[in-house]
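Across the two complexes that follow, chain A remains constant while its partner is chain B and subsequently chain C.
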Partner chain A sequence: MTRAAPLAVVLIAAALLVTFPYWSAAWESSRFATTVLRDMLVFAIFALSLDLLVGYAGMPSLGHAAFFGAGAYAAGITGQRLATDQLPVTLGAAALVAAVLALVIGALVVRSEGIFFLMLTLALAQIVFAIAFQWTALTGGSNGLSGVGRPTLAGLDFSAPDRMYVLVAVTFLGVALLLWSLVRSPYGRALVGVRENERRMRALGYDTARLKLSAFVVAGALAGIAGALSAYSQRFVSPGDAGIGTSIQAFVMVLIGGAGTLLGPVLGAGVVMYIQRVLSSAIGVSETVLGLVFIAFVLLARQGMVGVGRAAWSRARSR
Partner chain B sequence: MVASEIPMIEIRDLRRAFGGVVALDGVSLAIGEGERRAIIGPNGAGKTTLFNVLTGELPPSGGAVRLRGKDITTLRPWQRARLGLARMYQRNELFAPLSARENVALSLGARAGPYRPFVARPRSDYLAADQLLEEVGLLGREHVAAQALSHGERRQLELALVLAQRPRVLLLDEPTAGMSPAETARITELIGGLGRALTILIVEHDMDVVFRLADRVSVLHEGRVIADGSASEIRGDVRVNEVYLGKALAVT
Partner chain C sequence: MSPELLFQQALNGLSFGALLFILAAGLSLVFGMMDVINLAHGAFYMLGAYVALTVVQRTGSFWLALVAAPSALGLLGLVLEPLLLRRLRGRHLDQVLLTIGVALVVVDQIGLVWGREVRSLPFPPGLDASIAIFGSVYPVYRLFVIAFGVVLAAAISVVYRRTKLGMLIRAGVQDAEMLGALGVDIDRLFAITFAVGAALAGLAGVIAAPVFGMQPGMDSDGLLYSLIVVVVGGLGTLGGAVAGSVLVGPIDTFGKVLFQDFALALIFAIVALVLLLKPTGLLGRVRIAR
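Moving on, here comes the complex of A and B:
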């Protein structure tokens, strides 16, 4: 197969993804499907950003929602306080605030390992959650931040549901492309080196603490962008967006889909959101189903869906 | 001392204690550029501790280490590596699931640094990696994961990783440990054939390897240097025979 063929497939799939609300418009459930797909893609961005830490750099952060929440609040609050709906302003604020927060939290955690790393990321994220929950004047406290406006860009208004979807889909593709080029670059390969043997990376001359911190900042900024998209989509930010539940949700997506791959977190986000948003209206025990699915993957398929697929593929080929 | 005689590595009164156990009790050594120095001594003499302090993985309790006259005592391991200090580990410290080529490419990439985010790794890196793999005898094994290589091959890959650092000083921590006689001969030949500009410090139990590779030998015993001289002088030293060589030679 030539190199052009896979590229053509990817381009066609990308075009179909972005235009989903338009070609599905005749379906009875097109609107609902668009909303679900939009939220899947928001969480796919979030899970992808977490996978840069968990799967590539080997840093299993349990506090990634801190950056998602920070981005969501930053987008909502700058939009309201500055009375602007300009996408570069609110999305830029989200990425910047989340990146700065990631710099601070990252500086505190990158030298710890194992259980200490898990506990530190969890504890620091809970502090962010507590601030969101209690600083009522800024965040709306337990009531959340309501009335978040949808953005505009160069005269393009993203208020309508189908346009909001397109904004999310295009951003998702941009983030996926960014991460794809990042993980195959010397930078991404160095992160994998840190994951496999940090001590040896230091002995080779890499400043691994700084390298891990930089990954933390990149992942934090991308999580902030996902948070902003969530705030625009829901027109609402809840303190729960910065809480442990959201952190674990992303972690489950990464593990179910396959850590250390780019396809995995996207598939994981799709499955988890499908169970939570579609299956939950059909059956009352969807959270139990999610738990069982998660346990099954942890026990039987540590490499996630992508790992299962690869194993099946190599079995089929060797036959 | 004139400027041209500044030693490549100068260790002065180096001390390191673990609680009450003194591992290094005032070690002083000067190793000239291009010299090949073996450090021998019984188990627990402080050889591995000395290496860990030299690479910066352990801070010393006292004393100083200089590299070409520059005090590196407080530098971090990665900073020392950038100044040309490379260590071949006794136990394999490789990137287990990555290919042999990728292992070497990571070592080669340290020089340019990791902050090259949006470009694929240059082809020249892989060509250089393959060349190094050929030099250490791993031609044809480029795509094999480090964990799938045999023990001897992993040692060869270890050597390729440290050579990829283009070091001034090479610390070899028991390079032939756990190897078959054929593998030992192969790696000894590889090390012996390295450029003479390279300064080599070698810790080794196999006396044949020591006397084949080293210009000078220092004997470490209970954290102190008890003898220091050319290979033949050390062979004849009565104290050395008492604490170490007699036993080692009697075994082999």
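Moving on, here comes the complex of A and C:
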């Protein structure tokens, strides 16, 4: 196989993904499928950003929804207060607010480890949730923020469901490409080094706290972008978007799919959203299924779906 | 704030603190022994309240529910520990993650069995009145909660200091591995610990139900408040759970009166501050679990 072949496959897959609403238009369930796939991709971005922390830098954050929620509110509020639907303004505000928040929270947490890191990220994210829940004048409080507009870019209007989908899909590809190059760069390698042995990395001269903080900010900004896309898609922001349930949802996606890989969180987001959105109407106990699947992966296949796939692949090849 | 209101709020704070102690004691015990933060603790608390609801509906007896719900939860804990957690012994972070899955399943099943609407449990007969103290009228049930919390703390303290099980628990909190090396059946001890933790969560659910009712989200409220208490007071020690609940109960109550909108943010800010300045909590052990 030549080097160009895998690239061609990826390009074709990407093109098929972006154009899904158009080539599936003849299907009876095309609109529903487009909506579900759109939400899968929004959460895939969110899960990818969390995986940069959990899988690559070794920081198991239980508070990542703070940045998702901050981005969603920032996009919704700037759009409404500035009466603008310009994508660069609202999406930029989402990424910026989430990044600044991640800088503050990150500065407080990067030096703690293990269970304390878990609890500290949880506690700090709950402050963000509490503010979203109780600052009614700004966020709409427990009622949430409704009437979020869909964005426009250079005369291009993303209001229609198919256009909104394309915006999400293109952003997803952009984020995936960014992370793909990031984890292969010396910076990404250094993050993995911190995960594997922080003390040794420090001895080698790396400023590990700063490395972890920078990963926290990048992951926070990307989660903020995912939050903004969610706000545009749903035309609504709920305080729950910043709450512990959303943090746990992303964590489950990363672990089921496979932490420390880029394919894993995407697969995990797909599986979790499929269970919650499609299977739930069929069986009505989707969270139970999700919980059992999650327990099974933690117990039996801690490397997630990607890990299971890799093991099966290498067994098949060694035969 | 008038003196009457101040007094009333102080009592509210204390009764909330007493409830928090019952809730947090189990979480703290499990962490102290097994180094596992049980993220299903809130789900167990919720389940306790709903089991109590069914018992009260069938038999009409709150007191029977007060025994039955913790027993049911204890049994659940006794099954879950060997079935799930034991397989991951030594991998504390994975054990914590496992309890997330347990919480998802338990909460979903509660919704399936009991529905997702708001439910309430009547005050037990005899405790449904209000009495006058220092010129203000105060519900008897809340005083009962304070008394119950104090008695439970005293009882746990006696078990800790005077019984063989208490001795094993204290030794296990110090160094469970060494205890195993000395010939103690650690598997059994861990299963019992987890069961007692779950039973305490269930007990807190029963006690809380007449005051706060039952609704979706009760699980995360229970989990978050018990985490707050053990983090502020110190993980894994009885004194820590007492100190944490005595502090957090009144702070939360007065915070809600004084800063309505930002009480919740205030309490989590305090938690973050404690975690940053003294990660082991105010009365915590020095050892930091990885």
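In this section, the second predicted complex is superposed on the first by the 319 of 319 C-alpha atoms of A that agree within 3 Å, B and C clash if a C-alpha of one lies under 4 Å from a C-alpha of the other, contacts with A are read in each partner's own complex, and residues count from 1 in each chain.
Assume contacts are C-beta pairs under 8 Å (C-beta built on N, C-alpha and C of every residue); 3 or more make two chains touch, one makes a residue touch a chain.
Quick caveat: nothing in here was measured; it's all calculated off a predicted structure.
When both complexes are overlaid on chain A, the residue A:D157 reaches neither chain B nor chain C. With both structures placed on the common chain, the touch criterion links A:L124 to chain C but leaves chain B unconnected.
In the superposed pair of complexes, A:M201 makes contact with chain B only, with no contact to chain C.
In the superposition on chain A, A:L211 contacts chain B only, with no contact to chain C. Between chain B and chain C, C contacts the larger number of chain A residues.
Of the two partner chains placed by superposition, only chain C is touched by A:L255; chain B is not.
In the superposition on chain A, contact is made by A:Y187 with chain B only, not with chain C.
Note for the complex: chain C touches chain A at residues 35, 37, 84, 87-88, 92-94, 96-98, 100-105, 107-109, 111-112, 220, 223-224, 227-228, 231, 260-265, 268-269, 271-272, 275-276, 279, 288-290. Across the interface of their complex, chain C is touched by residues 60, 108, 112-116, 118-120, 122-124, 126-127, 130-131, 133-136, 243-245, 248, 251-252, 255, 284-288, 290-292, 294-295, 298-299, 302 of chain A.
Across the complex, chain B meets chain A through its residues 55, 57, 76-78, 81-82, 86-87, 89, 93-98, 102, 105-107, 109-121, 161, 165.
Those residues of chain A that touch chain B in the shared complex are 181-182, 184-193, 196-197, 199-208, 211, 214.
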